[in-house]
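Could you have a look at this structure, given as structure tokens, before my questions?
Note that the chains are named A, B, C and D in the order they appear, and that numbering of residues resets to 1 at the start of each chain.
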Amino acid sequence: MTDPTQATTLLVSCPDQRGIVAALAQVLYGHGANILDSDQHTDATAGVFFQRIRFECSDLRTDRSSLENAISEVAARMGMSWKLCEEGIPKRVALFVSRTDHCLFDLLLRHRSGELRCEIPLILSNHPDLEPVANQFGIPFHVVPITAENKASQEQQELVLLQEQRVDLVVLARYMQILTGDFIARYPNAIINIHHSFLPAFSGGRPYHQASKRGVKLIGATAHYATQDLDEGPIIDQDVIRTSHRDSVADLTRKGRDVERSVLSRAVRWHLEDRILVYANKTVVFA
Amino acid sequence: MTDPTQATTLLVSCPDQRGIVAALAQVLYGHGANILDSDQHTDATAGVFFQRIRFECSDLRTDRSSLENAISEVAARMGMSWKLCEEGIPKRVALFVSRTDHCLFDLLLRHRSGELRCEIPLILSNHPDLEPVANQFGIPFHVVPITAENKASQEQQELVLLQEQRVDLVVLARYMQILTGDFIARYPNAIINIHHSFLPAFSGGRPYHQASKRGVKLIGATAHYATQDLDEGPIIDQDVIRTSHRDSVADLTRKGRDVERSVLSRAVRWHLEDRILVYANKTVVFA
Amino acid sequence: MTDPTQATTLLVSCPDQRGIVAALAQVLYGHGANILDSDQHTDATAGVFFQRIRFECSDLRTDRSSLENAISEVAARMGMSWKLCEEGIPKRVALFVSRTDHCLFDLLLRHRSGELRCEIPLILSNHPDLEPVANQFGIPFHVVPITAENKASQEQQELVLLQEQRVDLVVLARYMQILTGDFIARYPNAIINIHHSFLPAFSGGRPYHQASKRGVKLIGATAHYATQDLDEGPIIDQDVIRTSHRDSVADLTRKGRDVERSVLSRAVRWHLEDRILVYANKTVVFA
Amino acid sequence: MTDPTQATTLLVSCPDQRGIVAALAQVLYGHGANILDSDQHTDATAGVFFQRIRFECSDLRTDRSSLENAISEVAARMGMSWKLCEEGIPKRVALFVSRTDHCLFDLLLRHRSGELRCEIPLILSNHPDLEPVANQFGIPFHVVPITAENKASQEQQELVLLQEQRVDLVVLARYMQILTGDFIARYPNAIINIHHSFLPAFSGGRPYHQASKRGVKLIGATAHYATQDLDEGPIIDQDVIRTSHRDSVADLTRKGRDVERSVLSRAVRWHLEDRILVYANKTVVFA
């Protein structure tokens, strides 16, 4: 059931060809939909077309399902992948955390101030530490401890929770566990991770110690969709912050927290506003 | 005469209404034009719709003028302002300078490296100092000295030069003269100026001395279209650079040069690529 | 009473002259103090010298007061203003807020994570709205409603509270009241305010509406010490964030919140770490 | 022979210990030198102390060599590495280029505008393409073609040229040849290279194609001293520029040029102003 006064977003991608824009615009106009925003991109090298159309349906001449049928017809003819997203149906988001609270607080405060259009039915952690934060915001908190031995079965329990809560998006807000391929496969392009990354990039543990040792002048963070290849998924956003020889590891850690939380929350917002299309392990972000 | 293998850009603005996107896409598709890029924006408050459509015409089913007629018809029906810009017909740009060369060099080097799609038939100055730079790049250099007394007549001479050279865009690349309203009226939204700007803003002379005195931590620059109200024209781009108490006036001046030249060249490039629409003394930049 | 294992910071300014660095270094070395950090600046135009020396006293050969006497002697000879700040005695900070919580949360979370070396004995507001936030963090919350009529007497009440709590620094974290000159005079260079600021600068209310109307491409914020001239006090830090025609007033407001909170918390941290010297209505920040 | 009215910079590093600042300040003061700027840093982890002192000698009570002897004595006592740099004796810089001119032009223009305090007695290239640029600026241009076979002998010829011209600093301004270890060993911490680098970093050829393929949202550049380990030398400066899906490889290349040239020229300026100290494969930059 959708509210016709709320906007709808259509995301499409397909092989590049003539007449795509006209065909979709015609369908929407013909049914009485009113286009609010439209953004389009063609990757000429890959020969792929992308479009995001945001429209509202308060004066729809037909009903919803006949509009969807018409889109579906165009899509079939042109080989489109497509998705209709309703602003009236906010996405349901699960936040995964461990012990660090800076990304969690940032997301919860932005949610409360209305910046993030979603519901947050649960926070899940492998540690009990952040339960008081969840309580402050009145969000159910689930502790699912993970060991090398029980990871598979515990993930099953997590997946049950996510299903029960009809979760659309998982945000790894400094969740210090590596998800299995099975888990990730259940939420394709629907798990957002935040990764510290530097110039040059450091893999492995204790990144801010590595950065300090290497004497880098910038530290950064990357938000990306989780894929089987750890930290190699499609990049959604990146940012950096300037550092100097005066920055101790503690200073780098503080600066890292700032850039991590702002990059992560921006990526989450873009996802919630249906601004991201994924292809060829990269993203088109209609920001 | 246009080259059908080069892209064409259509810029439109009109009162917001239904069916605009569909109508234009239909016209283009119907004539066999192939949309390469399309970007659209609605100012909901002002109720104005903007669109930039870049398309190519190599497989046009009809001829050019019938396409233009069709667009014209849609435009009339919907109350559109519109403009067709041909990449095959590079814009002709006059650079106005005084004695400072950093913006001039930046534009000439970017032009030579292919970043700026235009022809530069003349450089005009109220001082002879930069003639050697013009010579280096093989561009005719005109000295038109300006005094309080002769400004009106000298500007007439300048306008003659611009007309002879069929100039489309005037770039004030640190030209230290104030143009008269008459001059500006001849090139509406076709004169780009670069203006130092700060937080807080300083009016009057010697801005970097003022910035130093006030102890600002950022200095900036604004590129805008020249209008009758000096420095109050539609803003195209702005940027800032961080400063500190260690920066002398000389350092501020150096940093100011860097930010001025990068902001100006970006604004010029956007104009040359037909990415800017002006309304209500502000801009939509489809960058 | 000071803890000799904690560092001490000496801030000095004086007319520029020879031998300042040597004289201070000699005094510290002679008493067995160990210099950890030293930063120095000369404003050649104004002829003023500034230095920040951070040192620790665990192996002091004499006692504390003889060290202070020695510094005092040098200071008298050279016409210095000077201040000794003990890390072992954290500053006491009062947060003034109205209804907006983004700066408040940012400061409280950074405080809790150890980024801000201070105590926060009270939060004061002219509205009751943010009391739950204060409760969450276990900080006493005082409501002091202000009207045009009662401002003078209410400020007296505030000053009593500040004195009772031995407050060293007042942070106006989006406190929407203008303090009187009397109040400000009681805390010279010890009241930090955050001010939205733009290129060009807008005075008056509803700045983000003004920014939207003017079509600026950057919005910013300035943290400064409060002085009698509203918003004209010494600037501590500034930053900006990029905007575009796509940003609604709501988007500008969101971006404004982000830049406000990060600039304010940076300014507060620098003050707490005794990194700021004020002169001629501007600051030297040894960041 | 030095000009006493020009400033001198003393750079020192040594094991951290008490009394360093006092000892050096005392020596300078005692000889009548006037400290203009002093900046100091201690790497507490490595236990190393760094200082940069800029002073002028117009009222020196003794002569130059007795000042140097006194510094030398302190240095010996404290185990210091030290260097005295005279502003009156500008460094001599050789620019190495290949075919790309953006970094070359940027350095030459900044040199001409007085931003870079140095002499540029020669430009050296493995290709003849940029000779006209050298001619424009009146700088001798040497072509030294390099093949796999002749690299060792050609480098010998280059070294002869550098010696003849008493070159202090080699700047690799997009010089597309890898220098041998022998060459690099002759100019320790005196060869500055500019390296494209990204988040995550890309090694190997065609970096902008790689960046486009990976869909990064930032591209960057790193200026560093050349060492035997290619691109692993001490980092002097880094910067990034924001990119999006709309950026073609050509756009990335253009943005890359902008960030490369600004990072390189900043690193060169800092070196010329004796602001950089190297240790443990990283830098202290007193900027």
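As a convention for this text, a residue touches a chain if its C-beta (ideal position, glycine included) is under 8 Å from a C-beta of that chain, and two chains touch if they have at least 3 such contacts.
Because the structure is predicted, anything quoted here is derived from the model rather than measured.
Engineer: Looking at where chain A touches chain C, is over half of the residue numbers used by both copies, so same, or under half, so different?
Structural biologist: Comparing the two copies, chain A and chain C contact each other through largely the same residue numbers, since over half are shared.
Engineer: Compared with chain D, which chain's mean CA position is the farthest off?
Structural biologist: Farthest by centroid: A.
Engineer: Which of the two pairs, A-D or C-D, is linked by more C-beta contacts?
Structural biologist: Spelling it out, more C-beta pairs touch across A-D than across the other pair.
Engineer: Would you kindly tell me how far, in whole Å, the mean C-alpha position of chain D lies from that of chain C?
Structural biologist: 37
Engineer: Using Cα averages as centroids, what's the distance between chain A and chain D in whole Å?
Structural biologist: 42
Engineer: Specify, in ascending order, the residues of chain D that touch 2 or more different other chains.
Structural biologist: In chain D, residues 41, 44 touch at least two other chains, as defined above.
Engineer: Can you check the complex and tell me which residues of chain A touch chain C?
Structural biologist: 101-102, 105, 109, 113, 115, 136, 254, 257-258, 262
Engineer: Show me the residue ranges of chain C that touch chain B in the complex, using the header's touch definition.
Structural biologist: Residues 41, 43-44, 197-201, 213-218, 220, 222, 234-240, 244-246, 248, 280-285, 287 of chain C touch chain B in their complex.
Engineer: Could you please specify the touching residues of chain D with respect to chain C in the complex?
Structural biologist: Residues 18-23, 25-26, 28-30, 32, 34-42, 44 of chain D touch chain C in their complex.
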